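Everything on this sheet refers to the single structure shown next.
Going by the order they are written in, the chains are A, B, C, D and E; count residues from 1 in each one.
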Amino acid sequence: MATQDIDTATGSQWLDTETRETVVRVVRHAVLLLWSFVVLFPLYWLASMSLKPPGEANSLPPDWVFLPTVYNYIQLAQSGEFLAAFANSVVMVSASVILVLLIGVPAAYVLSRYDIPMQRDVLVWILSSRMLPPIAVVIPFFVIFRSLNLFDTRLGMVFMYVSINLSLVVWVMKAFFDGIPETLEEAARVDGATRFQSFLKVVLPAAKPGIFSVAIISFIFAWIELLFGLVLTNFKAVPVTLFVYSFIGSRSIEWGMLAAASTAMIIPIVIFLIAVNKYLAAGLSFGVVIKE
Amino acid sequence: MARITLDDVTKRFGDDGDAVVAVDDVSLDIADGEFVVFVGPSGSGKSTLMRTVAGLETQSEGDVYIGDTLVNQLGPRARDIAMVFQNYALYPNMTVEENMSFGLKMSTDLSKSEIADQVASAAEMMGIGKLLDNKPGELSGGQQQRVALGRAIVRDPNVFLMDEPLSNLDAKLRASMRTEINRLQNELGVTTLYVTHDQTEAMTMGDRLVVLNFGELQQVGTPLECFYRPANRFVAGFIGSPSMNFFEGTVGSGTLVADGFEYELSESMRSSVGDRTKVTLGARPEDFDLSEDSVSNGFEVAVDVVEPMGSISYVYVRPVEQSHDETFVVEVDGQRPISEGDHLYARVSPTDIHLFDTQSGETIHQRTLTDEAEEVLSRRPESAVSK
Amino acid sequence: MSTKTQTETTPNEQTATARLRDLWNDYLAYWFVAPMVVVMLLITFFPGAYDLYLSLIEEPTFNVFDAQFVGLANFETAFTLGGAFHSFVVTITVVVGALLLETVLGFFLATLVTGVESTRAKSFYRVLFIVPMAVAPVSLATIGRIMLNSEIGVIPYLIEAATPFAAPAFLSEMPLLTVILLDTWNWTPFMFIIFYAGLSSVPETLVEAARVDGAPLWRRYVHVIIPYMKPVVFVATLIRMIDLFRTFGVVYGLTQGGPGTATQLVSINIYEQMFINNQPGVAAAIAVVYLVLVVALCNVIIAKVGFEGVWN
Amino acid sequence: TRGGESTQTTTDSGGDSANQEAPIPLSEYDADIDWKQFEGSQINIGAVQHPWVDAVKPAVPTFEELTGIDVEWNILPEQQFRTKRQTDVSTGAGQFDVFFMDQVVNQFRNEGWLQPLDPYFEDGSLYDEDWYAPDDLFEASKWQAHGGGYSDTWTGLPITVEVQTQFYRTDLYEKHGLEVAETLEEFRQNAQTIHENESDVVGTVGRGQKGYGMNIYVLNTFLRQNGAALWDSFPDDSGLDSQGVIDAANWYVSLLQEFGPQGASTQTWSDVLSTMQEGRAGHIVADANLFWPGLTGSDSSVADNVGIATVPKPADGQFSPNAYNWQISTSKNAKNSEAGFLFMLWATSEPTNTWMHLNNDAAFSVRQSVWENDEFRSRVGDEFAQVTLESLQAAAPDPFDRKYPEWGQRYSEELQRAIADQKSAEESMTQAAEIAQEIYSG
Amino acid sequence: MARITLDDVTKRFGDDGDAVVAVDDVSLDIADGEFVVFVGPSGSGKSTLMRTVAGLETQSEGDVYIGDTLVNQLGPRARDIAMVFQNYALYPNMTVEENMSFGLKMSTDLSKSEIADQVASAAEMMGIGKLLDNKPGELSGGQQQRVALGRAIVRDPNVFLMDEPLSNLDAKLRASMRTEINRLQNELGVTTLYVTHDQTEAMTMGDRLVVLNFGELQQVGTPLECFYRPANRFVAGFIGSPSMNFFEGTVGSGTLVADGFEYELSESMRSSVGDRTKVTLGARPEDFDLSEDSVSNGFEVAVDVVEPMGSISYVYVRPVEQSHDETFVVEVDGQRPISEGDHLYARVSPTDIHLFDTQSGETIHQRTLTDEAEEVLSRRPESAVSK
C-alpha cells in the first residue's frame, strides 16, 4: 500500500509538496523510532544486566559504559541442565506448533467454508478452552496426565502446548480463510482438484501470512508457558521457562544469571522471527485477479 | 465427450421471501460436441446457468445430466469440465505457467515435461508465451484473461464452459482467438457452452444460440434463426447491432398507424396480424433506405446525429411528424455525406419487416428472405448434425 | 460453500484407492474437524466438569461418593470473604484499559510499518515489534519490578533525569495503570502481528479505488481497509480480550495483586484461594462464575458483533 | 554465588552417585538404626531453591552409600514449589517422599495429608535417640516442627532456622555518629538522621508487600515484642486489634512512610535486599539473618560497610525476634515415607549438619551446637554468629494455625494498605482482626 | 476541468535489468474537456498510462501535468479524478449504494440526501436501481461493471479515466451506456480518457483516438483519421473490424506483384511508391467486390469459409494462384448466397487502396475519399475546438 504520497489538492496550501512528503516520512519514522525505543530499552536493559559483572546489575546511575562480561552465559552454557531444558523446549515447542497447525488449520478451514450446525456454539466452545486461567485447570490436567501416563513426558507437554494454542489457531485462521475468495477454490475444483487438493494447493498458499503469524504466536505462547510445565513435569520433560525461575532464590536473586537466561530464551524466537519474516508480508492482492 | 441436459432448472438466490430468480425453469438439450452460445442482457442468468452446469451452484429445482448421468450431487471434479470464469479467478500465488498447468496436474497423469509442452504451446498460441514466469498480478487485464482461457483450453475435459473469455481483448486478438477456440473445439469435439456479449462471437462461433432474459429461455436456435426469425420482440431487439428499430402502432384497415408515420401492410402481413390491433413494427437499421426524395410508403425524417464508423455510419433520425422525441437508427455508407439537420425520406422494404404483438411481444410476422438465404437458414447446424 | 453434499466420485473410476480418496474428500469437513473436536473435548470437558464438581463440594476428594455436597456455600464464600466481586471489577478495568491501548497501538504500528518503504527497515521493525511478547512472564515481572523500583529502578531514574517531573511510585501509587502499561508493552505485539498480516492481505486495488475516490488516508482505513480486514480485527481483539481476562503471570509477579487488593485479578484470586488458602472449592466457584460470565459475554459479542457485523 | 549448577531440577541417578566418594565418614552414622533396610529404593525430594539444598547436596552420596537409597531432587523456587507441592499432595499423587514444609503445615496436617513422624520415632529400627540428640535442636525449632504448637506429634524435622536481625550501614553510622539502636525509638531516630542528611539514601527499608511471608513476617516480631499475640484466644478472638498490634503497626507503617523508600508498600525481600546492596538505604529494620551473605558478598556495593545487630525492641518490651524454620516432612500418600524418614534423620543429624556448616557455606543450623562451634564461628564471623545465636535463643516463632495462610494474607493486605497510606494502621488492624475471626467462624 | 499533458512519460516495471517497458516515451497533450480514446492490443500499456495519469503508478521518467500543475508528486486524491478500473475494484463490504456514494462522500460536501438522490438517479440510468442494497458479491459481472462505472460518473471530477468500462455489457446496454457517457461528458465538460477494445466505442465516442503498441504511440488523431489515414500498417490493421487485408509484394514497372495476383498501380500510387520495391498493399474487407465474372485488375479467389453475421457475411477467400494457404476477408451482403468452394473474382477499387512500406510499416499511400468525406475528415474534432 503506497501511502507515502500526498493527497491534498494543490499541495501549496500550507506547505509545498516535497516538504509535506518529508514531514509525513519524518513523522512516520519518528513514531516508529519512539516505539522502537520503548520496546528496545527494557530489552537492552535485560541484555546489559546479563553482561554486567556481579553487583553492578542494578547500580544507579546506570553504568552506561561497562566492560561486558560473558561470565553469566558461560555459566549457563556449562550447565548441562540448562542446555538440556533448552533443547527440550525447542523440540517440544516446535513439535507442538507443527501439530497445532496440522489440527487447527484444517478445522479453521471447515469453520470458514462449510455451514456448520450450531456454528455459534461451536465457536464459543472452542474459545471457551482458553477462558479459564490455567491455574483453574492445572489440577484436573495433572490428574488426567498421571492416569494416562503422560506425566513428565514430552508427548504430554506437546499435547498441552497444542491445547493452549488450538483455539487461537482455529479462530485466527478462520478469519484469514474468510478473507480468501471462494472463487479461487471453485477454479481449482473445476480444474479437477479434489477438495483436499484445492485446500492444499490453492487456499493454503494464499493464507501464508496468517499461517505464519499464528505459528509465531503459538510458538511464543508455548515457549513462555510456565504453569503446565511446572506441574506436569518433573525431570524428563522440563521446559526452559522453569529454569529461568531457578535464579530467583528464597533469599537472593541472581540478577545476572536471570537476565542471561531470559535473554537466551528470547534468542530462538528472534531467529524464528527472522526466518519466517518474509512470509508475514506475503500479502496477495486478490483484487488483481478477481474482478469484484 | 458428453451431452448435457437441463431439466426444468431453476436457481434462486437468497431467502424464499425476497429470493432473486437467476435462472427460471430452463430446459435445454445440448448435443455431444455441440458449441452453444449463451447470450442475454447483463444479469439474465448466463453465468449462473454455467455455474450450475459446472456444479458450483446447486440448482434450487430441476435436474442436470451430463452424458446420461444425473449430476445433481456431483462436484465439479467429477463432472470433468474446464471453465473460464468471468472474473478469471487466477491463482494469485502461482505463476502463469503454474496457473495453466494446475488443471493438467490435477486431472491427468501426464508427465511434467508433457504438461510443460502443452502449456507452452497453448501460451504461445495466445501470445503469452513470454509471460509464463510472471505472477497474475503483473499482467494486464487482457493478459490475465488469456491466462484464464489458457488454463481451460490446455485441458481435454468433457465439457468446456467459457464465460465471456474474450471480453478484454482487442478486436484483432479476439478474432484470432475465436478461430482458435473453434478449431480446438472442433478438433477435440468437446461440448462447449460459451457466454458472450459480442455480436460477432454470438453469430459466428456457435452451432446454436441460447437467448436468455430474466433467467428465462427466449429462444434456442442457430444464430441466423435468431437473427432472421426471432421468436419475439426481445430476441429481435437483442440480436443484431445496432438493435432493430421498433415502432408501436395500431392496425386499422390494413394500415399500421405509428407515431410519426403510417405504413401500409402487405397482404401477408395483414393475414399475420389477423384481428390484433396493437402491433409493433420492427426493422433493422441496415434495412432502411434514406433517400433525398419522397418515396411511397416512406416518411420524412430529420437527422439528429451522425455516427461515422469508418466504412459505414449510423444515422439517428426522427420522423418529422412524430409527437415525441425519439430517434431510430439507420445504417448508411460511411462515405455518404449526411449532416445533422438534413431532412430525408426513410423507407423500408416490406420484405424486411417484422411484426410483433405489442402486448405479448410474440413475433406475428417474420421478414422474407431470398430463397438461398432461406435455404441456408433451414440447414441444421453442421456440427450438431455431424457429431 | 454450501455444497458439501456433493460428491467427487467419478462414476467410471471405482478402484479401491479412488474410493478411499472419495471417502476422504466427500467427508473432508468431518476429517478436518475431527482432531480438533477430540482435542477440544479433552481440554474443555474434563477440566470444566472438575471445576464445577469442586465448586459444589466441601473438601476435594476424588471419590464422588465420598463427596460432601454443600450446595452454593462455596459460591457464597467466594462473594463474601473471597472478594470475587472486587476481582471481577479489577479484571474488567484491566481488560478494558489494556485492550483499548493494545488494539489501537497495535493497529497504528502495523499501519506505520506497512507504509515503510525500505524493505530492510520494514523487516527490522517487524521483528523488533514482536519481541516483547517473547519475554517470559517471570523475567518480565522480576526485571520489570526492579526497573520500576522507586529507589533503584532505572525507569524512575530516567524520568527524573530527562523530564522535570518526579517519577511516580509506579507499583504503589498507580498499580492498575502500571499493570495496564506493562501488559501493553508485553502484548501489543500480538495485535501488531495479526493486524500486520491482515493488512497485507487487503487487495491493493481497493486502496487504489479509495484513493481515486478522494478518500484521505484515515478514511481509507476507516471505510475500506478496516472493513475489509474486519474478521481479523475482530478475532484478534476477541482473543486478546479473553487472554486479558485470565491474565496472571506478569501481574502476579509484579504486584501479587496489591497494594491491598488493588490489582487482584480474578486469576490471582483463584490462585490465592487454591494455593494459599487451600480452598479449592471457593477457587472453583469463582472459576465457574467467571467462566459463565465470560462465556456469556463472548456469546453476546460473537452473536452481535460477529454474526451480525463481521461475518455478515 | 551459586552458579548455573544450582538448578531447579536435578536428577542424581544412582549411577553417578555410586562413583562419588562419601564426603562424611560413615563411622559418624554408627547408630542403632537399620540404615540398609530400604536398600535399592529411591526417594524423591521436593525442595525449595534454598541454600540448605546447596549445602546438603554434596553430602548426599554419604547417605546413598550409607543406606543404598537413591535420592532424587526436585528443586523449585518457593512460589512454584508451593504450587507443585499442593498439586501433588492434594491429588494424592504422592510423588514426593520428602518435601519442604513451611507456614502451611497445619493446613496440610488438618487435611490429613501429612504423615506424623511419631510412629517412626517409636520404631527401633528407624530411630536412635542417643545418637540423634534431639535436645541439641533449638526449642523454637522443635516447637515449630510440632505444628507451631498446634500439633502433638512431629509434623516433620526442622532443617533450617532463620531469625530476624537488624542490618545497618557502618559507614553512615560512623559519619553521623550514630549508635546501634536497641529500642524502637532509637531506631527511628537513626533512620531519621540518615534519611534527612543523606541524599539518595533512605533511612530504612523493610518489606511492605503483602503475603504471609512478607510484611507481616516483619511486623509479627514487633507486635510480639509489644506484648501482643496473633491470637488472644484461638479461634475466637484475634489479637490483631489489640493495642500492642496497633502500636507496632503504627510504628512500622510510619517508619516506612517517613523514612522508607517511595513505594515501600510494594517492596518484597528482593527489593529490600537490592536497595541495601546498592547502598541506597541506611538500615534494614528487621529481616532474616540469611541476608548477611548477600549483603556482604560480591553482589553488594556496600559489602564492607554493613553491620548486623539484634532487632530493636520497645523500650519496655521483651526482646523476642521472629524465627522461621523450614522443615522437611512426608505425606500420607508418599510411596517411601519410611525411607524418607531415614533421609530426614540423616540430613538433620549432628554429623551432617555440622559438616554442612563447616564445609558448605551454610549458616542456618537448627542445632545449637553448631553455633557454638569455633570453627564455624570463625568462618561466618563472630559478629554474625553471636547476634544470631543470641536472637535464636530468645526467638519466638509465629504459631501458624491451619488458616494462617488465609487470614495472614488478608492481614498482610491490610498492613500493605496502611503502608500505602490508604487507611490508618488502626483501621487496618481492626479490619484484619475481624477478617481473621470471620474466617474461623465462617 | 483540466488539460492533461504528458511529457516523455516512460513507465518500467521491475528491476532495471529485465524491466518491462509498459509505456515508452509517450508525449501527449489533451485539451480541457476533450474525450480521448486509447486503443491498442492487449498489453500495450493503456491501463498503465491511465494509472500514471491517475497517480496510481509513478512514471519512471517524464512529467505529467494536469491543468498547469506538475502532478508528479501528487496522489490521486489531489488530482481529483474519477476512474473506472479495468478490474472494477468494488468495495466488497459496501452495498452498491455505498460503493457509489463513497466518492461523493469523500470528495464533496453534499448532504446525505443529495448524495442519495444522485446515486439513485445514476443507478437508475444504468439499470441497477433495484440492486442498490446488494453487495458486489451478489451481482453478475455486468452488474458489477455498471457499479464501477456508476461510482465514477456520479462524481464531478477534473478528469474521468475509464478503463474498458463497458467490456462486460451486452450490445444493447453498451449502446445506451455509450450515449449516456457521451452526454454526461458533454454536459460536465470533463476531460476524459477512455480505454476500449470495442471498435464502435473507439470510432464513435472520442474526439481523438490514441493508438498504442508496445507502449509506444502509433498515431493520435480523430477516429476517422485513424481509419482512413492510418499512419502505418499497424494502425491500419488495428482500426476497423475485420482487419484490413494486407498483401506484401514487390513493385516493378508500375505493377505490384503479390503472391497470388498482380495489381496495376495507378499513377498517384506509383509516385507515392517512388523507388521502393518492397511494398504492402492494404484494403479493407468491405472495399472488395466479389463478382461472378472476371474483371480487370481483379483476380480469381476460392471461398474458404463463409461467416454469416446476419445482415452481412464475412467471406474468407484465397487467391487461387497463391502459393501458400492464407485467406483474406471480404464483407458481403448477408443474404448473398455464397458457399464454400465457390470461385469468384475479387477486385478492389484503386481509390480504396493503401500502400505501406513493407520494411518500416509507414504508410506511403492513402486511399482516396469522396470530397464530402474528405471534408468531414478535415474538420477538427468538434469538442476539442468548441471547448
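Side notes on the structure shown:
In the analysis below, a residue touches a chain if its C-beta (ideal position, glycine included) is under 8 Å from a C-beta of that chain, and two chains touch if they have at least 3 such contacts.
Predicted, not measured: the structure shown is a model, and the values here were computed from it.
When the partners of chain B are compared with those of chain C, the chains appearing in both lists are A, E.
Looking at chain C and chain D, the chains that touch each of them are A. Set side by side, the interfaces C-E and A-D show unequal numbers of C-beta pairs in contact, with more at A-D. Note on chain placement: the centre of chain A and the centre of chain C lie 13 Å apart, centres being C-alpha means. If you average the CA atoms of chain B and of chain E, the two centres end up 22 Å from each other. Centroid to centroid, with C-alpha atoms defining each point, chain A and chain B lie 55 Å apart. Inter-chain centre distance (chain D to chain E, centres taken as mean C-alpha positions): 93 Å. Annotation for chain E: residues 55, 75-77, 80, 87, 89-90, 92, 141 touch two or more other chains.
In chain D, the residues that touch at least two other chains are 83, 90-91, 270, 274, 278, 280. Annotation for chain A: residues touching 2 or more other chains are 7-8, 58, 60, 135, 139, 143, 194-195, 227, 245, 248, 253, 255, 284-288, 290-292.
Of all residues in chain B, only 13, 20, 39-43, 46-48, 86-87, 127, 138-143, 145-146, 163-164, 167-175, 197-200, 203-204, 223-224, 227-228, 237-243, 284, 286-287, 307-312, 314, 334-337, 369-370, 372-373, 375-376 touch chain E in the complex they form.
Only residues 59-60, 62, 77, 80-81, 142, 145-146, 149-152, 169-173, 175, 255-261, 272, 274-280 of chain C touch chain D when the two sit together in their complex.
Within the complex, the chain B residues that touch chain A are 54, 56, 75-77, 80-83, 85-94, 102-103, 106-107, 136-137, 144, 151, 155, 161. Across the complex, chain E is touched by residues 203, 205-206, 208-216, 219, 223-224, 227-228, 230 of chain C. Contact residues of chain A toward chain B in the complex are 181, 183-184, 186-195, 197, 201-202, 205-206, 208, 284-286, 288-292.
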